[in-house]
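Shared chain: subunit A. Partners: subunit B in the first complex, subunit C in the second.
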Partner chain A sequence: MLLMMAPQLVVSGVTTGMLYALIGLSMTVVYRTTTIVNFGQGDMATAGAYATLVFAVGLGLNFGVAVVLAIGVLFALGYVVQRALLRPIANAPHLALAMMALAVGYALRGGARLEWGNQFMTLPRPYPQGALALGQVVIPTDTLVIVGFVLLLLLILLVVFQATPLGRLTQAVFQSPRGAALVGINLDAFHAVAWGVGAALGAIGGVLLAIIVPLTPDLGEWVLVQGFAAMALGGFGSLGGVVVGGLLLGILEKLLGFYVNSMFIDITGYLITVVVLLVRPQGLFGRRMIVRV
Partner chain B sequence: MDSAAASRAPARAAEGRLFFRRRRVFWLLPVLLLFLPPFLNQYQQYVVNTVLVYVLVGIGFNVVVGNLGLLAFSNVAYFGLGTYGSALLMAKLGWPWAATVIPAGIIGALAGVITSIPAVRGVRLFYLAILTLAFGELMRWTYVHWESLTNGSMGMTVPSAAFPLDTDRHRFYVFLVLAILAIVATDRLLRSRFGRAFEAIRGNEVAAAAMGIPTNRYILLGFAWSGFIVGIGGAMFAISVGQVSPPSFNMQELILEFAVVMVGGLGSLIGSVIGAAVLTALPQIFISFPGFQELVFGVMIILVLLFLPRGLVSLLARLSPLFADRFYRE
Partner chain C sequence: MPEPLLTARGITAGYGSQQVLFGIDLDVYPSQTLALLGANGTGKSTMLNTLSGFVRPWSGSLRLDNEELAGKPAHRIFRRGIVQVSQGRDLFPDMTVEENLRLGAAIRRGPVGQLLDNVFGSFPRLAERRAQQVRLMSGGEQQMLAIGRALMSQPKVLLLDEPSGGLAPAFVREIATIIGVLRSTGVTMVLVEQNIKLALKVADRFLILRDGRAFERSDMREGAISEEEIVRSIYL
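What follows is the complex of A and B.
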C-alpha cells in the first residue's frame, strides 16, 4: 500500500533533484576551469531570481525578457567578481579564494535582505500550471519544464566541454594553468568567462527554483549545500555525474522523508556529503583527488 | 643643573621605552579593563562580555584556520556543543556553572577530535570545508530534533547562577580571567614545538612530514585544542545569554566567527582579540537593519582579503613590532 506512493515520490524527487543538479552544474563549470569551488554560488542563484523579480514584477517586463536580462546581469556579476576580486589574489592560498567567494555570497545575501527583508517572494509561473496523468502517477508541468531545461543545458555543456576545441583549452587551463599560459592561452579570460557562465547558469537554477518554492535571502545557503552534495555524490568535475548525483539526492530525500521521517529531508544533503567524502571521496564518477602525507 | 640627574634621565627614558617594547605591555590592557565596568550600563556590559566570549571563539578557530592552515568550518559545532553541554549540565544535573566550564571544553575538544578524522585521513581544501560545514549543520539539526534533551527549536533556559555570575558586571571579571587564561595558554602552545609544528604543516605539509614531524598527530591536537578553547567560550556564552536555541549556531554565526579571524588577522592571537572586539561591537550599531550586518561583514572580509591579507593587526604591526606575528610568517 505504502509502496504505491513510491513512483509519485520519485517524480517529485526528480523535480527538485534536477534543480540541485543545475546548481551543481553551475559550480562544476567554475570548478572545471578555475579549480575553485564557489561557496557563494547559492547566493548567486538567488540573486538571479531576485533580478528576475525586479525585471518581471518591479518593471513589469515580459517574463522571458526579464529572465534573459537577469542572466545577463548575473553573467556580468560573475565576470566582474572574478576580475575585480579574485584575480588580484589569484596567488593567495586556496583558503583566501574560498573565503572571497563566501564573502561575495554573504554580501549578496545581505543586500537581498536589506531590500526584501525575510518575506517570502514568488516568481509568477510563465507557463500554465498543469499536470500529466500517467496511470497512477501525476507529472506536473513544473517537472517537465525543469527536466527539459536541465537536460538541454547538460547537453550543451557536454558538447562544449567534451567535443570542441574550447573544451580542450578549458581542460588545459584546469590541469596546468602555468602550462596553458605558456602556450598562449589567455588564462584571465577563461577564468572570468567561467565565473560569468557559472553565475548565469546559477541564475537559471535560481529562477526555476523560485517558481516552485518561496524565495527568501536564506534560500541561497540551502541551494549551495544541495548543489555541493550533488557534486560530491557525482564526483567533482564530472558534468554527467553531477546530474546523476542531483537526481539521486532529490529522490533519496523524498523517499527518506516519506518512509522514515520527514525530519530527514533537511539533512539528506549533509548526510550524503559526509558519507561520500569519507567513504568514496571521488564520488560516483570522479577521479580520486586526496592528499596522503 | 645637576649633571648626575641629567645623565640618569636618558637611561630612565630608555627603560621606559623598553617596557613598551616588551610584550608584557599587553598586560596593561586587562589591568585597564578591570576599571571599565563602572563606566558601562548593563547593555554595554553585556556587549563587552560577548566580546570576551568571541575572544575565545576567535583564538580557538584561529588555531585551525590560521596556524594549521586548514579550511575547516566546524568551529560553530564546538561552540554549540560547549554551550549546550554547559547549559544541560546546569539544567539537568544541577551542576554549578563553574563545574561545567572544563566539561564544556572537553566536549568541544572531543568534537574537535571527531572533525579532525577526515583531515587526518587526508581530506583537504573544499572537501574538508564542506565536510566540517556538514558536521556543524548536523549538530544544529540535532539540537532542533532532540527535543527531550534540548527542548528543540524553542530553546532552553539556562538556570540563573549565584554570586560571581549573577549580573553582567560580575560575570565580566570571571570572563576576563578565562579570556586571559585562554590567551596565555594558547600563546604558550604556539610558542612551543607544537606551534612550530603547526607552522611547518601550514607551510608545506609534505616537507614537514619528510622532516619527521608526525603531522597527523599535530593536526589532531590542533583540532582538539581549538575545540577545547571554543567549548569553554560556549560555556561562557550559555551563562551570558541565559537562553540557548539552535539558530545561534547557524551559518550566520559561522560567517561571524570566520570574520573575527579574517578581519582580525589570520594566525594572530592579538588579531583574534581585535577581530572579536570590532565584529562583536560593530553589529550592535545596525542591529535594527536586517541584512545590513551581512552586507557589512561580507564587504569587510572582501576588503581585508584584497588590501590587508593579514588583517587589522597588520596595520598595528606597521606602528610597532610588538604586533608583528611570530607564529605566522610568509
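What follows is the complex of A and C.
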C-alpha cells in the first residue's frame, strides 16, 4: 500500500523541516533585532559547514572542537559583516541593506567555489549512524539528533527573547531603534552582536545539514529559500512560528514529492513563499507588521 | 553665578556638506532651564542632538562637569547624564507605559521600583495608564511618557525638544506645569520651544538661534519684554 509510506515520509520531512526551521530561526534572530532579512544567511550556514570541514577534516581536529571553532568563526564573520558593510549604509533604504546581505552571500559562495568547485563534500558523522524502529516506521539517529538540537535552541531562544531583560531590550530595539538609543543602548554593538549570533546559529544549521546531505558551494541558495519559506509560513519574527513553518514545509515537500511529482521536492519552498505572501502575508503566527507611531 | 554644568563652545555641525550650526556657544547652569528659541529649520534640534551625541559636531567643545564629550558616541554621553527627549518622542509603541518607563532605566543595575514610583508620583496620568499600550495613547500622554522615560535614568541634564509641539492647549498647560515642577525640584534642562509663552514661564535664560548662530537675550523675562518683540527677534 502506498499509503503506508506516509509515516516514513513524515519522519523524513520532520528531519529536513527541522533544519529549515533552524535556518529560519537564525534569520529570525537577526530580523527581530535589526528588522533586516539576511538574504546571505544560506551561504553563512554553508560557510559554517565548510569551516567545520576545514577544522575537522583538513586540520584533523576533534569534531566537537571543529564545530565550536566554526561557530566562533561565523560569529566573527557576522559581526564584521555588520560593522564593515551594513553599518556604513545603516540609513539607506531597506532594499539596499537586503542587497548588501545578498552580496555577502554571493561572495561567500564564490569563495567556496574557488576552493571546492563542484565537489560534493560530506561532514563525518560524529555519532554512530543507527535507527530506532517504531513499528513499521524507522527513525534514524540523524532525525533524533537534529530534532533534539533544534528544539533545544528554540527553547533557549524563547527563554532569552520572552523572559529576560535582554529579550525586552531586543524588542525595544526592534520597535524603535532611535528610542533604544535614547535610553542609552549602544545600537551599533547590539546590531553587530545580533548578526554574529545569527551567523553562529546558521553555522549550526549548516553543520547538521552537511551531515545528511552533500555539501556544495551552491547549497546556500537552496538553504536560503527553505529558511525564508519557513519564516514566511510561520510569520516573520515569530520563533515558534518559524519552527512550525519549517516542519510543515519539510513534511509537505516530502509528501507532495512522493505522491504527486518529485519536482515538488525542489519547488515547495518557492510555492509556499508565493502563496503565503499573496494569501496571508503575516504567515500563520505573525503579528501585524509594525507601524511606527 | 555658580560654574556652568554644561558648556558648548564653537559648535559647528551639519549633514553631509550642508552646514547647519555655525559656532554655537552655550552655558547651562545647575538646576536652571535654558530655553533655545528659533524659527523652523534654524538648527534647534540639531543643536540638541549635538549635545546628546546623536549628531557628531564638526568642531567645537562640549563639556559636562569639565569632561570633554564632543565626538563621543550617544550611548557614552547618555551614561554621563545628558538625556534627551526627542521631537519625535521615539517611544516603544507596542509596549506598555510601565515597560517603556522601565526601559528608561535599561542600563542601570539594581532595582528601579523607587524610580518608577517617583515618576508615577509626578505623572498621575501615567500611573492610571501603567498597563496601557503606548500606541493607543494620545499625543499629550505620549509626551509625558517620553519625559518620564528620560527621568528614569536620573539625568544630570535633561534636553527637551518641543515638548508642547502638536498638542492641544490643555495638554500644553499640563506639560508647562510638569516642566515647572521639574525645575523647582532642581532638574537642569535645555528646552527647545516654539511656544514662547511656555518658554517664558519656565526658563531662566534664553538663547535665540538664527540661521545656525546663537544670540543670548538676557532681557527676556515674563513681563519684561513684549511677546511681539520676542517674536520679532526670532523671526525677523
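Note that in this section the second predicted complex is superposed on the first by the 289 of 293 C-alpha atoms of A that agree within 3 Å, B and C clash if a C-alpha of one lies under 4 Å from a C-alpha of the other, contacts with A are read in each partner's own complex, and residues count from 1 in each chain.
Criterion: contacts are C-beta pairs under 8 Å (C-beta built on N, C-alpha and C of every residue); 3 or more make two chains touch, one makes a residue touch a chain.
This is a predicted model, so every value here is computed, not measured.
Novice: Give one of first, second, both or neither to describe whether A:Arg178 is in contact with subunit B, with subunit C, with both, or with none.
Specialist: It touches subunit C, and subunit B stays clear.
Novice: Identify the partner contact of A:Leu284: answer first if only subunit B is touched, second if only subunit C is, both if each is, neither if none is.
Specialist: Neither: A:Leu284 stays clear of subunit B and subunit C.
Novice: Which holds for A:Ala107: it touches subunit B only (first), subunit C only (second), both, or neither?
Specialist: first
Novice: Between subunit B (first) and subunit C (second), which, if any, makes contact with A:Leu169: first, second, both or neither?
Specialist: The second partner, subunit C, only.
Novice: When both complexes are superposed, which of subunit B and subunit C contacts more residues belonging to subunit A?
Specialist: Larger number of subunit A residues touched: B.
Novice: Give one of first, second, both or neither to describe whether A:Val57 is in contact with subunit B, with subunit C, with both, or with none.
Specialist: In the superposed model, A:Val57 contacts neither subunit B nor subunit C.
Novice: Quick check on my understanding: which residues of subunit A belong to both its subunit B contact set and its subunit C contact set?
Specialist: Subunit A residues touching both partners: 290-293.
Novice: Residues of subunit A touching subunit C in their complex?
Specialist: 165, 168-169, 171-172, 175-176, 178-188, 290-293
Novice: Within the complex, which stretch of subunit B touches subunit A?
Specialist: Contact set of subunit B toward subunit A: 65, 69, 71, 118, 121-127, 129-131, 133-135, 137-138, 141, 145, 205-206, 209, 215-216, 251, 255, 258, 262, 266, 289-299, 301-302, 305-306, 309.
Novice: Using the touch rule from the top, collect the residues of subunit C that touch subunit A in their complex.
Specialist: Those residues of subunit C that touch subunit A are 54, 73-75, 78-79, 83-86, 88-95, 99, 102-107, 134-135, 142, 149-150, 153.
Novice: Considering only the defined contacts, which subunit A positions touch subunit B in the complex?
Specialist: 37, 39, 85, 88-89, 92-96, 98-100, 102-115, 117-118, 217, 221, 225, 228, 232, 263, 266-267, 270-271, 273-274, 277-278, 281, 290-293
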